[in-house]
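What follows is a pair of complexes built around chain A, which joins chain B in one and chain C in the other.
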Partner chain A sequence: MTAVTMDVAAAPPRKRMSEEKFWAIVLIAPYVVVFALFVVYPVLYGFWLGSSANSFKKLFQDPIFVTTLWNTAIFVLVAVNLKMLVALGLSAFFILEYRWVRWLSVIFIIAWAMPSIPTILSVRWMFNPEWGLVNNLLFKWFQIEGPGWLTERHYGLTLAILMHIWKSLPFWTLILVAARLAIPRDLYESADVDGATRWQRFRFITWPAMRAPYMTSVLLSSIWTLGDFNSVYLLTGGGPNDSTQVLATLGVRYLRIDQIDVGMAAVICALPAILPMVFFLMKRLSRVDEQ
Partner chain B sequence: MTATRFLERLPLYLVGLAVALWTLLPIYHLLLIAVSPPDKAVAGDIIPQTVTLQNFITILGSKHNLVQNFWTQIWNSTLIAVVTALLTLVVGIGANFSISRLRIPGGRLITNIALLTYLIPAAFLAIPMYRTMGQYGFLDSPWSMIFAMVTLASPYAIWVMNQASAKLPVELDEAARIDGATPLQILRFVYLPLMAPTLVAIGIYALLLAWNEYLYAFLMLSTERQLTLAPALGIFLAFDDAPWALMMAAGALYALPPTIVYYMFRRYMVGGLTAGAVKG
Partner chain C sequence: MASVELHDVRKVYGGSITAIHGVDVEIPDGEFVVLVGPSGCGKSTLLRMIAGLEDITGGEVRIGAKRVNELPAKDRDIAMVFQSYALYPHMTVRENMGFSLRLRKAPKDEIDRGVANAAQILGLTPYLDRLPRHLSGGQRQRVAMGRAIVRNPQVFLFDEPLSNLDAKLRVQMRTELKALHQRLKTTSIYVTHDQVEAMTLADRIVVLHDGKVEQIGAPLDLYDRPANQFVAGFIGSPAMNFLGGTVRRSNGAAAVAMVDGTRLPLPAGAKGGDGQQVVYGVRPEHLALGDSGMGFPLVVSVVEPTGADTLVFGTVGGSEVCAVFDERHAFKPGETVHLAPKGDRVHVFNADDGAAL
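Then we have the complex of A and B:
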């Protein structure tokens, strides 16, 4: 008797389960197809292109590769740390509750909101050695012959770093503003009661709360900075004489001289640096996902 | 305000001034060159002596050989951005509903794979993607850009939507199920209305991603009438005597629509998405 009723009760859900399974598979299918056609296949193809011993030999014999590795290391280290430190500082400014600070934050975000190409080209023209605004003003005001900003390696790389920071600083500042706003107010109030100095407030309240989001941001930002093609390519074009190439632009450089396999070998060489960061971030980000 | 209070706040004002100057300088310079006469893009003044809309008239009337396909390229950019947004939503909704509501086996793995794809910089996938598009026969057609942009946007879409849908109570689905709703009815009447804000955010994200993309467009599109605006602007650089005033004006026109869209949907953009994740 009981067995019969249980069967009756259990039958419809079991049928429903199979219907759900059917739709689950149908609905996931578009993503699986996109992923297979446009991620799995190109990645495998890229590995196949770049993994011959000959490609690596050509890559390591190319002096530009060594320069590129140095440039990439400098670009990522300087850009990420400078940007995140400034963002950390500015996040203290942007949580102030003045109306003019609010308005300024609306203006501040425009660098992130706009597409990057027009402003990069604008800066490129601004620093044009002969006709650009900067050198013209240097001459007009101080009678100084300005340097060839974008035709010298160190200036070029510096400007590319500043360009990158200009574009992404608002985003990271807002992320850190969100992290700061999550710190309970009363912690600061009781610190004030105890007569804590500014530094103590930062050291014992702000930083312990900000450390985790700051580190996650540094990692995420490192990966994105590593992949910044526009700030370098549109500003210096990797020049002069390929002296400002970074890993993100190197592939296009090899594509141009019809050595796509060498470009892929360069990307494969970058994987040992990227993958540990990616896995660490995945662990952090999916932990949030589960909450 | 008293003088002492002003002095107290002076450092604050200086920070504010520095932030404003730093942010606006490249944009001001862009507009400055855009409104200067076409033959006089040699910039020696911070305040322009003559202001002209001549460059904009030239562009909108396609009266220069570098901008003769301007309207076609705007149309290409728009088409690619809109179709990318719609397809990203279709792919994202399907995947997220399947993973988070229908609990497909392996959903966790698919989420992780999506996150992994999102974290690898797109610049490193560009060359093999370009060759693959060639093999599929999509090169120099809008489809190459649409598929590439959907590929780049959907992992982020899935990740963000997983976070949003995790907050929807499962009881709603169960109640609908008891009332005899099919999975598609739950999708249509329970899931979609509740997810609407996230879907808007994802749609706008994909739209802007596609409109703003330079590298992929530059690799995959080649004929001038197939180009989107981003690589079309880059073409100016190939000329030694590039008409910079014209280029800056074209750049301003290109930047205007996405900037307006961003500000209209600002509430959806920065607040909820990545911030929520990094904060934890």
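Then we have the complex of A and C:
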């Protein structure tokens, strides 16, 4: 025993990996490889492709780029805020304890659960200016010549925003329903006894409790909305004349072998908006953890 | 301050489930009344009906001279302390306490004065700028009471306000509550399932069971003269012992004979005709050690010394019986001791409906 101890003491201290650490590395290694290969490499490659001043020059010279920036700003601001406000209101309805409300909520969720592509394509068909259902009915019932829903910029962008809201509203309503259900009922009863009106109940109990989840939802939804390709591309295809392009669709528009760098540059243009949002989101989430 | 009257108050859920079956209670101005009963007896429902948080299916609730059935909670001039305290988590103690006055658009100096006064009564002055989550359970409980005091309501309603506190704090807050009522003298209705709380706090107790009033009375009246077996078993701790048997009268002496032949002596004047099936009730603290010539034999199973007194559990004629002695005893399990009720402190109940004879 003594000899062994002496041996160890005499030898220079050699750092040996503990078994726990060894297995940690073994188990995490496959993920690191996949992450490096399919996330880090493509992202860096994209940056490299789109990072030359020349690609940005080409991008800014394209007249549709400025329109696209405007469209993106309008799309994100209107879609996110309108959607979240409506979701906030609807969440108050869907917590009502009636059986028919439960059933209605199931039907409501379907819009979100349906696959995007067939849904959006069927809406596109309905709004076809010439033979679409909507214009046909407008003419049949009111003898009105319906507008070119998908062939005029404002109608097209508005429809794309509505499409996006229709598709993602159930999800955010569900999130806010969960936030509402977490508010103890006692608080409302106490407020009733204290003499609060409906508005005061919302202002002093509901909103303070929902502010944090609401703001987190707004941030997350902004990031997702910025990346919403389907609602615009499948409905208007960015047209007419590229007047309804958003950054998410513009990148794809350039996806030709000779313009791939410009496409990447367009995607990079969204980063100044996305990165701060991701930053604030992570900060918010870590603060929730601390609490 | 005001009186509260309940006349034939009923609550039916979904047209078929009756939670409250016609309750009549009159609570004079300034009285502290405790609604007590086991879980599901309807006591909280009744309180919430008085508060206006639950619809009244039938009957009438009056606060002061006014019928309030149709009035919303906010117009009933009541303050309620909830079991969970229901403090607004985003408001400081000061804001929580002044909230009702703020909603009533009271002037700021009036709110400040009210809050400062209540905080001083409850020892909350150093905590006024803290959020509820930075307070201990006892402090939160005080804030909930402070919120009620600030309103200066006609009636205080308490829904099991002490049940979330640990045992020691509960006793302390109980005393504070009683002192507070003696100081403010506001009519108070207090719901609890804890009969000790009921006994110590109440001017009068309303014992509820399955949505019906079993008995209304002063705490010691209920203890000394329970109207039925339910009240007798519910009030008092440890609970009253119940032993079934048949009344036997001969030569002026009376006893209850159990199935195995054990005879339980009845005091002179005890009711119950010869041959009547009854339940013999005696409180653990009303049993004394006797000699073999009197009383009845108890086969000891467990002895629990608490320091202040000794609890002895065992069986009499096959039924579980508990006895409490002031003195210390070291009986062994299996040992037989003789017990006799002290004086005439025996209760006899009709075996059919449990009514006191």
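Here, the second predicted complex is superposed on the first by the 265 of 291 C-alpha atoms of A that agree within 3 Å, B and C clash if a C-alpha of one lies under 4 Å from a C-alpha of the other, contacts with A are read in each partner's own complex, and residues count from 1 in each chain.
Throughout what follows, a contact is a pair of C-beta atoms (placed from the backbone, for glycine too) under 8 Å apart; a residue touches a chain by one contact, two chains touch by 3 or more.
Everything numeric here is computed off the predicted structure, so don't read it as measured data.
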item: Room on chain A for both chain B and chain C (clash or fit); value: fit
item: Chain B versus chain C as contact partner of A:51, first or second or both or neither; value: neither
item: Inter-centroid angle chain B-chain A-chain C after superposition on A [Cα, multiple of 10°]; value: 90
item: First (chain B), second (chain C), both or neither touched by A:209; value: second
item: Partner chain(s) touched by A:179 [first = chain B, second = chain C, both, neither]; value: first
item: Touch count on chain A, higher of chain B and chain C; value: B
item: Which of chain B and chain C A:81 touches, first, second, both or neither; value: neither
item: Partner chain(s) touched by A:187 [first = chain B, second = chain C, both, neither]; value: second
item: Where chain B and chain C come nearest after superposition, their Cα distance in Å; value: 12
item: Doubly contacted chain A residues - partners chain C and chain B; value: none
item: Chain B partner contacts - residues on chain A that touch it in the complex; value: 16, 19-21, 23-32, 34-35, 37-39, 41-43, 45-46, 49, 90, 93, 96, 100-101, 104, 107-119, 121-123, 125-126, 131-133, 136-137, 140, 166, 170-171, 174-175, 178-179, 182, 212-213, 216-217, 220, 223-224, 226-230, 233-234, 237, 247-249, 251-252, 255, 260, 263-264, 267, 270, 274, 278, 281-282, 284-289, 291
item: Residues of chain B touching chain A in the complex; value: 12, 15-16, 19-20, 22-24, 26-27, 29-30, 32-33, 41-44, 46, 90-95, 97-99, 102-104, 110-117, 119-132, 136, 147-148, 150-151, 154, 158-159, 162-163, 166, 177, 182-184, 187, 208, 211-212, 214-215, 219, 230, 233-234, 236-237, 244, 247-248, 251-252, 254-255, 258-259, 262-263, 266, 270-271, 274-280
item: Complex contact set, residues of chain C against chain A; value: 51-53, 72-75, 78-80, 82-84, 86, 88-91, 99-100, 103-104, 147, 151
item: Chain C-facing residues of chain A, complex; value: 184, 186-187, 189-196, 200, 204-205, 208-209
